[in-house]
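One chain, subunit A, appears in both complexes that follow, with subunit B as partner in the first and subunit C in the second.
Now for the complex of A and B:
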């Protein structure tokens, strides 16, 4: 029997019967149409309808290919990385339009103008529980990226997807996922398992430090993504040091190491939010299971897993480690189709097509709605640049 | 039987994934408001400056004196700050320079005098309040200037 590879045109999970394909695809087409337009009439302004149309087609064509070919990660990564890169373009242009700079000044913080992001959530919980205050210079409701709105979004995503959020919703994860695909083969292959515990240690450290200082220590000192979003205005040695740390972390963990290892090194070896999000995998209905009767222990899944969530131990147990992000790369790569998306409570390998579809619907819908808005946002800025010569109004 | 129940609950929870995502996006403002109401959380006064204690109207602008903030994870910290906002009134302007007597402690008596150059902005404490430590900062905001004065709690 010839083993299918990731370069194959379709996998065993492909939906080949036309009417089944239409039945599986049509609801998503309607849901994305409804959610992306918000149920409102489409604006006649080309700067608005062109990004919407491109985004709608882009997401739906790739979802169709996911169903038709049976491959998940192959198409997910295109959407996920596009979302991340266009998010950066849209976010920076928005900041420059709002404040004239990517730098976050003390004045902006005093006025609660800092957009909140999910990465801060873990460090806010202890102070919120003990002092009923959120240690973040943003606003709770209304405006751009309010705290309560982002927390509500995170709760919904976590209930439905668990740490799948990190592969289907995190607008930062797509950056390193994209960089990790640049080389065909990794130049660094061996990374000790002990490094995979580092995110939990960092999580503990930033949670305790933030509680002790009543300030979001992770944002101030360790967030690599401030390099491409907003950073504290550099006006003294402390802020200079913060800037140097974040640029070094971004260059190392988000660009260079993902290229060299073909892994998501920030997500797998550093991100405290990712470590925290791992625990939500216990709540989610979906996981990844290995049918041990089919598995030949070739280790391909562990080799390709971008977040170090598979190793010999987990494979022998027929599953993944807690940190699994449900990206589907192992499912695509398994030469024996032994790995599948799985619904908890059912037997491993039971109805793999149904289980995959039941996972894909909420995961893809989240990506299409959340990521779709970012893709539109970024495309709008690019079109604005092409039509007016400037990305800001 | 147990296996069947587990299987049915598994599928039930999995099918709920789409409604959860739809409800999350469609009702985001509703959930966000509910979350704030249910938990009663606010933005930390370290960032917001604290609750407004008194508002003094002037010609073209107003002075907001906030409650002193001694934020701590448990109890109160030994040191904190009090924030004063000078805000333009609608259609008004802040004077380029001002001096004002302020009642920081809410005992209806002025216990501090501050001068402010609103153009830079730059502040000076002319008469320090009780338990004064230092002038922390003066920052421009959209509609005025804020000043923070560091204080000992006791």
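Now for the complex of A and C:
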């Protein structure tokens, strides 16, 4: 008997019965409608309702396909990457509209006008716990992207999804996830296992440095995403060095290496937030399990895992490494349907459809709500460009 | 007495300042609690040497220039480059012995062998001659001491006050029973080494 194809087997997770499909789909349709509109009447301004309508349809069509086909990662990556690229467009246009430049001046920092992002949560939390000082130059409450709002969002998402945050909510991860899909086959296949510990080392280093200098060392020196968001104004040798390092990290880890390896190299080999987030996998209700009675040790899951979270050792133990991002790529790829989303405390491999659905609901809702506004934001800027010739007002 | 009180008051800041150099080293090298305390003692010895060098500098600079300008005399960028180089080298050295005749193995034995004192003393010395904020304060106070003995005494008591905060450090070394922790500590040392190297270079311009 010939080996069944991945596509045919993955569709075993598909919901085929029409009434079951409607029952599974309808609540998400209503929830996303409510969350994306914020319960407010829809604005008659085409620059507002068109992005809203497009993003609503875009998210819901892809969720429908997830349910109907049984594939998770195949459709998640489309949403995730779109969110990231449109976030960059929206964020840069917003910065230019507000400040006239992507550069962050020292006076803006001194006035606490730096938008807070989740990447600095670990380096902010530890000095805050030790010294009761918030070392990030942003607003605690109020203003744009305040610290308290982002931390609250992160706690909620982490409790629900663990490091799934990195595959369903991180507006940076989508960039490299998108780039990693450009080639059909990787040109670089072997990356030493010891490099997968580098994110933990960078986490420890930036936490120690932030506590020593009482400044967000990661933002100052190492954040690759400064390249496409905001960066320190280059006005001396030190800021020039910082800019060169950040651009090099972005080009290498977010663009070139993901293309060559088909992996999320920034997430898997560098990101200190990802390393910190890995520990939240211990408290979230979900994980990925391998049914050892079905597994034939073909290694396909380890081969496709974008964050180096599966290896022979973890497969033999019937699970993933701590760094698993719950993207679902291994679940889609497994030719024996041995891998499934799993709810802790339940039997491995029992009701994989239900387990997947119970994971998909919070994960997708988080992506739709968090990412939906970013997609609208980016689309609004594109429409503005098309209608007025400029992305900024 | 004023040195001791200043050390006690600003010990956490001193600890935070030295932690990037000491934490990865203790995590990677640590064995038994006794061994870890020995490493800490060697580190503190190096730090004391750094402090005393500064005490002499502070006294002589205080005579020549006045306390306010002492900070400008210190080539901090160079110290950071040396510290960065040492940490980066430590991070790059193989965790296990490889070829007995190889340069890396000989360097490893010199720097990180279980009986070697070079690495902890050097780390302590290079962090000791760094200018963290409480240290600058101590420097200014020592410069006002008027005599070399007074300056040395001030720094020795300041050292004593800050050293109390280092006592829990050997416990961190007990975490390294897992091989992954030792690997992470080595990598951290390398990352911090690169950071201090770049920081030092940026300070020279």
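To be clear about the criterion, the second predicted complex is superposed on the first by the 383 of 393 C-alpha atoms of A that agree within 3 Å, B and C clash if a C-alpha of one lies under 4 Å from a C-alpha of the other, contacts with A are read in each partner's own complex, and residues count from 1 in each chain.
Assume a residue touches a chain if its C-beta (ideal position, glycine included) is under 8 Å from a C-beta of that chain, and two chains touch if they have at least 3 such contacts.
Note that this is a predicted model, so its numbers are computed, not measured.
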item	value
Of subunit B and subunit C, the chain that contacts the larger number of subunit A residues	B
Which of subunit B and subunit C A:161 touches, first, second, both or neither	first
Subunit B versus subunit C as contact partner of A:345, first or second or both or neither	first
Contacts of A:148 with subunit B and subunit C, given as first, second, both or neither	first
Touching partner for A:299 - first (subunit B), second (subunit C), both, neither	neither
Touched partner set for A:200, first subunit B, second subunit C, both or neither	second
Touched partner set for A:211, first subunit B, second subunit C, both or neither	both
Subunit B and subunit C footprints on subunit A, overlapping residues	130-131, 211-212
Partner subunit C, residues of subunit A touching it in the complex	130-131, 194, 197-198, 200-202, 204-205, 208-209, 211-212, 217, 221, 237-238, 241, 245
Residue ranges of subunit A touching subunit B (in the complex, touch as defined)	31, 35, 106-107, 109-112, 126-128, 130-141, 146-149, 151-153, 155-157, 159-161, 211-212, 214-215, 285-286, 343-346, 355, 358-359, 361-363, 365-366, 369-370
Residues of subunit B that touch subunit A when the two form their complex	6-11, 13-18, 20-26, 28-29, 31-33, 35-36, 39-49, 71-74, 137, 139-142, 146
Subunit A-touching residues of subunit C, taken from the complex the two chains share	12, 16-17, 19-20, 23-24, 132, 180, 183-188, 190-192, 195, 198, 201-203, 205
